[in-house]
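In what comes next, chain A is part of two complexes: it sits with chain B in the first one and with chain C in the second one.
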Partner chain A sequence: MTSTGYSSPQARMGFFTDTSVCIGCKACEVACKEWNAVPAGDGPGTDAAAGMDLLGMSYDNTGGLDANTWRHVAFIEQHVPAAAEPSAPVQAGPATAEDLGMPTVGAPRQGDAQENAGVRWLMSSDVCKHCTHAACLDVCPTGALFRTEFDTVVVQEDICNGCGYCVPACPYGVIGKREGDGRAFKCTLCYDRLGSGLQPACATACPTESIQYGELDELRARAEARRRELHDAGVTEARLYGEDPDDGVGGDGAFFLLLDEPEVYGLPPDPVVTTRDLPAMWRMAALSAAGVVAALVGSLLGRR
Partner chain B sequence: MAEAHPVGFQWVVEAKRRGARIVHIDPRFTRTSALAHEFMSVRAGTDIALLGGLINYVLTHERDFRDYVTAYTNAGAILREEFADTEDLDGLFSGFDPDTGSYDVASWAYENVPDVSPAVGKERWVEPTNRGPSVGGRRDDEAATVEQFGSGGATVGGKPKVDPTLQHPRCVYQVLKRHFARYTPAAVAEICGVDIEQFLDVARAITENSGRERTTAWVYSVGWTQHTVGAQNIRSASILQLLLGNIGRPGGGILALRGHASIQGSTDVPTLFNLLPGYLPMPDAHRHPDIDSYVRADEGRIGFWGNIRAYAVSLLKAYWGDHATAANDFRYDHLPRLTGDHGTYQTVRDQLAGRGKGYFLAGENPAVGSANGKLQRLGMANLEWLVVRDMRLIESATFWKDGPEIDTGELDTERIGTEVFFLPAASHAEKDGTFTNTQRLLQWHEKAVEPPEEARSDLWFYYHLGRIIREKLADSTDPRDLPVQELTWSYPTEGPHAEPSAQAVLAEMSGFGPDGPLSGYPQLRADGSTSSGCWIYCGVYADGHNQAANRQPYSEQSWVAPGWAWAWPDNRRILYNRASADPQGRPWSERKRYLWWDEEQRRWAGPDRPDFEAEKPPDFQPEPNATAQDGLAGDEPFIMQADGKGWLFAPAGLLDGPLPTHYEPVESPVPNSLYGQQENPIFRPYQHAGNRYHPIDSDVYPYVFTTYRLTEHHTAGGMSRMLPYLSELQPEFFCEVSPALARERGLRHLGWATIVSARSAIEARVMVTDRIRPLRVRGRVVHQVGLPYHWGTNGLSIGDAANDLLPIALEPNVDIQESKAATCDIRPGRRPRGRALPELVRTYRRRAGIERSDS
Partner chain C sequence: MSAEGRPDRTPVTTNDSYYGLPIVKEPAWQQPDVPLYLFLGGVAGVSASMAALARPLGRDALAKLGTVTAATGSVASLGALIHDLGRPARFLYMLRVFKPTSPLSVGSWILAPFSALASMSATSVLTGKFRTVGALAGAVAGILGPAMSTYTAVLLADTATPAWHEAYRELPVVFAGSAMTSAAGVALIALPKRDSAPVSRLAAVGATAELAAAHRLRTRLGIISETYRVGRAGSLLKAVEVLTGAGVALTATGRTSRIARALAGGAYLAAGLCTRFGVYAAGVASTRDPKYVVEPQRERRGRV
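On to the complex of A and B.
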């Protein structure tokens, strides 16, 4: 019996996304859409130009995960002190003055203060976290969302009735309803490929092994080794995100190695399964109801 | 590299994991920079200054790998007394003729070695002043002759006199030292706009990581070649790598990443006008009347290129089979001849002049992808017919109805006489064939699906076109049709569309002898007993087996992986790998062990095929008059060179100098800091009213711009802008500017900007980013504008074509255009429409003083 309540000889499978080697090629986004036949732009029935906007968010013109984007590569441009001028002030962003082992731009020495800052370009491929305690699954009234034998969380298109409860339930904002269709869609961790012994499409396409697929326990060990390796190399900002089984979602089936705070990548710093307090709330509600009933009964009795 | 070659970049990431230090040098901060340990920003077009600075650093600090340099390069060769360097002539070499604007290269040759190189450049004709008005053109013996040395290197008359101590004042090493002495760190900083400390840090990193125990690799993408000093950029890297002992050794080398998949293959079996397969030169109509004259310069010289007759005869046998006999010169007369420059830009010039009637475009979109797109379109509008073979309706197929000139009124659809044929092409997944990558690996790919509807493979198109032409000419008695009638043109076909067998074509390129398929090019003979359609590919079909389809897993073979695909020549994975061992045949170090002489077996051993005669011992000394490979000693690794050496100094073969010299781009914001000579003295100008060059240091065009690619799109966009999944990732043309330039010009992030040159004005959305940095050059700030060049008017992701801004200014050796460094102005707002657009461009030209009444 796993922590998700699944009982199976099949080990839990997941993703480890090592953003320190992501080159932002977006092959994962395209491979995902190709394999899963996810529509381009804002989906069928929408204006052809919709979803074809220049967003101005560095090289990210996707924006974020939703019903039509199951992998999303974020690009974050940061000022960091130039290597040649270690005393230059940090201009913006949460990057610290530590040497992260990342490149900096040698600035013209006579430039003004603004020009003396170096630049750091972070890239990271985001995806559904396949939570141990998945709120989307908890709230789904039709059973369209289910937990697979690989301990991943998948929406069954033919069962989903488009109620949309799962959308606000997700603590990461991953799942969305497809415009013109109404149903909810998200990453399936390529459920149809796993059964045939294949890797998910994104991991297959990733040229630098930034996206690694495998047994979750093994991935966690590999990620911890990578984190240590980076720390030994002086990249002390490297940290794992979503690997901790004791976090608010019981650990993610898809977790990350980041080079900055999660907020920098648009990830919640302390995600909590939104249904965590439901039992307590229901208990509270039941207590309250019992109190009301008791008071009512009392007041009726008192009249006698 | 991560930007344009993300799949190849996985090996850089892997090297980084194994401890390699990655330095990225580029005008802009790219995805590569993001993963590198260090990024060094340089001004576009100053590569020789930077590399010259590194060479100077190596020489000044004596950090060269001296044993390697002495044994394997021409460092000790003595030069002629009459040779004069740029040091003596303020940026010119000896032999410059100001009247013709060209060099007599005789004084660059080795002392006491006869000058036998063809007289390239001697009779070249260029405008008296580089920027004067005139119609260009050149004589037929000038047609990118240098490129034709591709396989063999230029011919020299023999081995030079050598001073092994490298002390002789006229030896190459001392000349090199003097030539690069002024490329000091301070000069580099001033010219390139780099930080001195950062430059020195990189110089130290490279030298500390080179030598007996370690090697450094240089990787470049083709942007490095797209300068008026393009060939010399690569020469600079070659000199540095030879000095550091990084050629022919594992982890070393200079790796060229090329723009298209299999562009390497397209020069091996060439699409270039001046080459035949295997880098054999295309014969010249006047200088090469027969095969003897064709091979005369090279036959019998030292090195494997001395076998040129065997390679040429085998090619003729592949072309004309039994019709080619010794009695008829193996049908040498059937070969087309060069009568002049037939390069792409000259072709456009001919079209503009009404001399070009027809045009084939196969997977090429010059309306977007070539420099000065307007001239390209005007040229195509002046044809009788145009055939476009592409997957989609690209801009070059529709310019006649919706090109920019229709809007401006410069062209009128009704008046364009060009008949355009669009023939849909199959993609690589829809046909069998090979990709040849930069490591010279031929990798076979199988057809996955049938091409849709009327789309057909290139092989199908050319085979059946040839078949139909041959049928039409079958009964002709006109002797000029004989070359077509006698051509070997029978290939097995299969399927409903009679698709020719690509394997049969590959087998023909590999070649046959009396005993069947050949196993390697040393088997080729000049007597007509062998045939091979491309001598460097000889052996790819050895034993009748498609070696390019080999897919031995890495876990089942050595780390060099000879069982994965097939590398030309002879499945050698590292060229010149004899240099990985010392002159006595021992590895330079255990750590860099690759090839060594096995005394017991009496042959070269190691994980790779020796790029050397396998049984020639290290102490072999040639007979005095031995030729071809027999003329090479056992310790001369550069087997294609006529002296067996790596050339620090090029005594022949280049038109614009035996050593790289820093010249400014034709359009530059600054004067040349190093010499009185501003630009490459023999760059090839392209005089046309639509191709004016900007003045140097112009207030009207004050900014540097450079064009480049993004991961999301493919070159001129034909394979990406039409696809929704790729288009949405980069949905629109944009320009990249620094915050400082945005302030200076009032540009707003995501607003519009108009970028103006003397050729055109285009508009782009503005991306303000710290990744583009102003540089300090000669004491002042130089701003650079970054322009990805993928866009045009067709498809899902559209925008103006950045290449419309570029002038055509050609490199003299290989005729490549300078598309990576030019100047411009940038201003907020959208560009004018209609006739107002050319008027804006003219206004700028008037202000800059380059508008003339003739335009």
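On to the complex of A and C.
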């Protein structure tokens, strides 16, 4: 029996997204939209067509995951002192080289402190985490959200009645309600491809193997090996996110290797499935309901 | 960053958020639909229980009013819920499963039978026919009543919305208390002086419970309490204090004129509306600024 309740011979499948090799090409976003026929539609918090608007956030023009964005590449530009950059001067190019906004290499420029500052680029392809304890699935009143034989979490479009409860329940802000359609949509981990032995569209399209699809146990081992490799190479800020089966959501089916704190990438630092506290919530509601009965009896039985 | 030909306006991300974007999604529900659904359900629930108790005590006017209020309120509440769905025609999908992990599933299974029973009882009371069936239906609705007035608090708390989830201990008390004052408010407006003493007592108990719990919301939730103190939520909850206080003051003497009773009843009903809209607004505010997600989670992980 797995932690999600399945007792089938099918191994749990998932994603390991190694952001240290992401080049920000957005092939995953495009492949996802193409395969799943996801409309352009609304960006998060705006009425603008996602991907067709310049958001002024580096090269990120989709903003975040939503009903119409199931893979989202984040672009983070950080000022770092050139001296602190881990990159060895591979090629000591002339200081007058054209700045293309690429990760800086080479010797720091002389004199000006401002000129000495470099920019570090972080790129990361975000996706639904397919939680072990998935709040969206727990709170769905119709059973439209279900857990597949691959231990992924999928919305059945023909069942969803658009109640919208899954949207605020997700601790990562992944699932969204599609304007004009009314129902909730999110990443299916390409449920329709897995059964045919194919990889999800995004993993297939990724040119650097930043997105790796496979059996979750194997991915976890691979991710830990990669983290160690990076630490040995001096990249001590590399850390895994969502790989721990003991975290607040029981571990993610889609987890990450990050190079900074999760919140820098727009991820919650310590997400907890809201239904963990549900028994305590029902107890408080029952106590309050008992209080209503007591207040009614006391008020009505009292003397006129 | 300052390459020639490229304006130096790309914001470099900070260390505590991704361009200040929200992490969790704003509740996907509509206003006023959902706050009204919460308010009407609460009034209906307490009114049904009040009617069920008043009938054997010989308070016929109170029983009749409670029965009619329960039917009207719950049917309107149901209407608001259905109107809020992305696919209203699929409302009955709410009843295709019963899921204790989904407060909306449990709530639908409370609301649907409650509104049917309350409507049967009200029809019987108004037409004078099928009295036994009507009384029985009214009694069962009365038993479901306290649950009607509290399950909505669990509905909100069982989300990743910081201001709602962290308030799961207080919200049921706030909603139950508010439902009692509002149900008493209807009776104060509609009934003669003969019935005003017990409903005034009920209102005073509800007001005390609600205001005490609401005070905890504003003070005990750490940084998240801000969302209940400032902005739209802060104003609405301040109005609740003033309106509820006015209602209690107007009915405190027990010797009140018809006008004073009507004013007090109106103040209680307005306070009930402000409570639901205020709590809803606090939830929305807590999703818009990522600090309400990030800071408590950072503290939980022992890093500040």
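One rule holds in what follows: the second predicted complex is superposed on the first by the 245 of 304 C-alpha atoms of A that agree within 3 Å, B and C clash if a C-alpha of one lies under 4 Å from a C-alpha of the other, contacts with A are read in each partner's own complex, and residues count from 1 in each chain.
Following the convention adopted for this analysis, contacts are C-beta pairs under 8 Å (C-beta built on N, C-alpha and C of every residue); 3 or more make two chains touch, one makes a residue touch a chain.
All values reported here derive from a predicted model rather than from experimental measurement.
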Chain B versus chain C as contact partner of A:33, first or second or both or neither: first
Which of chain B and chain C A:58 touches, first, second, both or neither: both
Partner chain(s) touched by A:181 [first = chain B, second = chain C, both, neither]: second
A:79 touches, of chain B and chain C: first, second, both or neither? both
Which superposed partner A:297 touches (first chain B, second chain C, both, neither): second
Partner chain in contact with A:7 - chain B first, chain C second, else both or neither: neither
Greater residue coverage of chain A in the superposed arrangement, chain B or chain C: C
Partner chain(s) touched by A:196 [first = chain B, second = chain C, both, neither]: neither
Doubly contacted residues of chain A, that is, touched by chain B and again by chain C: 56, 58, 77, 79, 101, 119
Chain A-touching residues of chain B, taken from the complex the two chains share: 2, 6-7, 9-10, 13, 17, 24, 29, 31-41, 193-195, 197-198, 710-712, 724-732, 734, 738-740, 749-750, 765, 767, 769-771, 773-776, 781, 796-797
List of chain A residues in touch with chain C within their complex: 44-45, 56-58, 60, 63-64, 74, 76-79, 98-101, 119, 135, 138-144, 159-165, 167-173, 175-177, 181-184, 260-261, 263-271, 274-275, 277-278, 280-282, 284-293, 295-304
Of chain A, residues touching chain B in the complex: 21, 23-27, 29-30, 33-34, 40-41, 48, 51-54, 56, 58-59, 61-62, 77, 79, 83-84, 101-112, 114-115, 117, 119-123, 207-209
Residues of chain C defined as touching chain A within the complex: 1-4, 6, 9-13, 15-19, 21-29, 45-46, 49-50, 53-54, 57, 59, 84-87, 90-91, 93-94, 96-97, 99, 101-105, 108, 145-147, 149-151, 153-154, 157-161, 164-165, 168-169, 172-173, 175-176, 179-180, 194, 197-199, 201-202, 205-206, 209, 283, 287, 290, 293-294, 297-298, 300-301, 303
